[in-house]
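Alright, structures below, take your time with them.
Each of the next two complexes has chain A plus one more chain, namely chain B in the first and chain C in the second.
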Partner chain A sequence: MIAFEHVTKRYGRDFALEDSTFSLERGKIYGLLGPNGSGKSTTLKMMAGLVFPTSGNVIINGKKADRKTAADVAYLSELDFFYPSFTVNDMLKYSASQFADFDRTRAEELLDFMKLDRKKKLKQLSKGNRGRLKLVISLARNTPVLLLDEPFSGLDPMVRASIVKGLLSYIDFEKQTVVIATHEIDEIEMLLDDVIAIQDGRILAIENVEELRETKGLSILEWMKQIFEP
Partner chain B sequence: MSSFKGLYLKDLKISAATFFIGLVLLNVLTILSLGLKEYFDEPLIPAILFFIAVVAHVFYLPGMLFSSLQIEGQSQLWLHNPNRGAKLFLSKITAGMTFYMISILVTMLLSRLSLSGLSVSNDYQGFSEMVRENLLIMGAGITLTSIYLSVWVLFYWSLYHSLKRIPIVNQIRWLVILFVWIVLSTIGSMIQNTSMMRVINEKGTFSVSIFDATVGQGSFSTEMAHINFATIGQYILITIIVFLVSVWLLERKVEV
Partner chain C sequence: MEEFQASKPIYMQIVDKICQQIVRGDIKSGEKLPSVREMAIQSGVNPNTIQRTYSELERMEIVETRRGQGTFVTEANDRIVELKVKLQRDLIKGFVNNMIDLGFSKEEMLSGLKKYVEEEEI
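So, the complex of A and B:
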């Protein structure tokens, strides 16, 4: 489904990703975990075909990732940016016009679930509500790959857990590969099948969450502490 | 809604603010020209200022595109799109042209209106006739030049954002852009000076006097306009090549 073959991405002297080889399977939800500047966002952008490796290959569904990968990948950016003159409804209409797999009915359901006012301009929305809209747009697509970069940042902690639970009903566990890069481990721990630890552009470990719990008796947070604070 | 229509409507919306700024500037110019006309008691001042505004429209479309691209450069919203890069660019050009056409037509109308019913002294007869008779032809020339410059804006914007992925030049991208501009300009003038190009340019040239005008004792522009089909062909070819290279960069190299 998603394969990284000796992928390196450099920015100046820094490595966003260094000679990384791994693959992600269909029907699984992955947590991409690491401190700030570890390479999480760049890794997701490479999967989305928005950033190109300095060397190596990123393969999505058997094809090298490029701009056209957007047809198979729904990508939620960590950036809090929207076209300021757009209303919520404009954003939905625009997304529906660009992506053939955009499910307008599902988008309407999600808008109701997220309690977003369709007529409100995006610049008038709170950061949290803009975050909700990003989730609506990503989850309304029927894509084999769903990439979420810090999807819960800006969301009110009081509603975060309920939103995460609600989102489960919009993920196709049979067909979709979901990769979530986040710091908010607590709320998404129950979602994750596998976790990927990344630091300084190096993939430190990939573990199955159930095995972690059963064989090592560790929660994801405990495992992260072991990995990142040796 | 088709993907192009979606892109076009989006591009209209994100450039609307720039368009309204242009309209405000035009209003300011109208008020200013009327004020100067009264102050200097010179009825031709509005016509001259509106004429300058018409000519300045050559930078309208490139400016509009640059502003729109700068908005897109702030996030991945635009580039995370399965449509061809050509479609993304053409939508921007079409949206920019929509605003451009409104703006230049309004300015040309103001320019023409400012001359109507005006008895012009002999000193300004040449300028007045030029505006009256050749404004549309000039507008067409300005529009084509504007499109040509706009394609170069697409190219340099794409190149600038493509250089981000090359660590060694990432910090000096503006210098690289300047260097590329100098190199391309030098190559262009070297090609123009070859004997083959001189022969091509000499053939099919015809002259028109659309820019022949005098103002007072001085010459506004006394040169004849030389129109050459070979030159027009070269510019069309350059426009197409630069556009295709820009699309290639956008699809394969640009990172924002």
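So, the complex of A and C:
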């Protein structure tokens, strides 16, 4: 579903990602884990076709990633919304106009699920509710790939829990490949099939969460402490 | 959301939990278990993990999956009695091993257990 072939991304002299080759399967939830500045966001943006590799290939759903990749990929940015004067409803209408696969019925259902007020302006929403709305918009699309960049960042435990529940309720598990980039793993350990550890622009390892427990007796947190160099 | 131990696969921890609920009678024989998705949402766990839990319970012959209907607790009560005995044995084994580690003799173990049960009026 997602394949990186010797992908390198350089910003000036710095490597955001260095000669990385790996592939991610359909129907799995991946955690892309690493400290700040490790290359998580760049990797995710390359999967979304928003950033292009300096060398190597990024293949999404059988095609080389480019600007059209947005049709196959729902991408939740770590950044905030652009239009603070939009209402929740405006945001929904706008998203529906941008993406042919946007499911209005599911979006409405998700708004109820997240208890969001449709008439509120984005600038009036709490940070937690803006986080919830971003998830609503990502989950309302029918895409083979769902990418979430730091969906929990700066949100309180209640909001985090509702986001986890939203994901479990609305991801299409047979068909979607989900990648969640985060440096906070407490909330999502139980959600993940596999973890990808990234540091200093290098993919250190990809492991199955249950296998780590079965063969090494390690939780993700313990495994990360071993694998990440101080 | 639930807490899980780090050292044991999550799917097995959920197997253990469901077995306990069945033995206690919280889930009755013949009862339908939640769908994989429902159970995933309830416990905050990846559905692939729950699928593995259900497959393991099936392998243990504690549940059966009926095509198009869902997963049900076995109606074979002898299987549930067996399970209860097995859970008891596992606990006793853990207790006995701990006692041996601490250097207690067989007699001390038994008298200690007897004394505890009587004093605590269990």
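In this text, the second predicted complex is superposed on the first by the 224 of 230 C-alpha atoms of A that agree within 3 Å, B and C clash if a C-alpha of one lies under 4 Å from a C-alpha of the other, contacts with A are read in each partner's own complex, and residues count from 1 in each chain.
Going forward, a contact is a pair of C-beta atoms (placed from the backbone, for glycine too) under 8 Å apart; a residue touches a chain by one contact, two chains touch by 3 or more.
As the structure is a prediction and not an experimental result, all values here were calculated from the model.
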item	value
When chain B and chain C are modelled together on chain A, clash or fit	fit
First (chain B), second (chain C), both or neither touched by A:Ser169	second
Touching partner for A:Leu192 - first (chain B), second (chain C), both, neither	second
Touching partner for A:Ala161 - first (chain B), second (chain C), both, neither	second
Per-residue contact with chain A, leading partner among chain C and chain B	B
Contacts of A:Leu33 with chain B and chain C, given as first, second, both or neither	neither
Which of chain B and chain C A:Arg213 touches, first, second, both or neither	second
Degrees between the directions from chain A toward chain B and toward chain C, using C-alpha centres, nearest 10	160
First (chain B), second (chain C), both or neither touched by A:Glu222	second
Touched partner set for A:Tyr75, first chain B, second chain C, both or neither	first
After superposition on chain A, the shortest CA separation from chain B to chain C (Å)	28
Residue ranges of chain C touching chain A (in the complex, touch as defined)	1-2, 4, 6-11, 37, 40-41, 43-49, 52
Chain B-facing residues of chain A, complex	10-13, 45, 48, 50-52, 54, 66-71, 75, 77, 79, 81-83, 85-86, 90, 93-94, 96-99
Chain B residues touching chain A - in the complex, by the definition given at the top	1-3, 5-7, 9-10, 13-14, 16-17, 71, 74-77, 79-83, 85, 165, 167, 170-171, 250-253, 255-256
Footprint of chain C on chain A - complex, ascending	27-29, 161, 164-165, 168-169, 173, 190-193, 209-210, 213-214, 217-219, 221-222
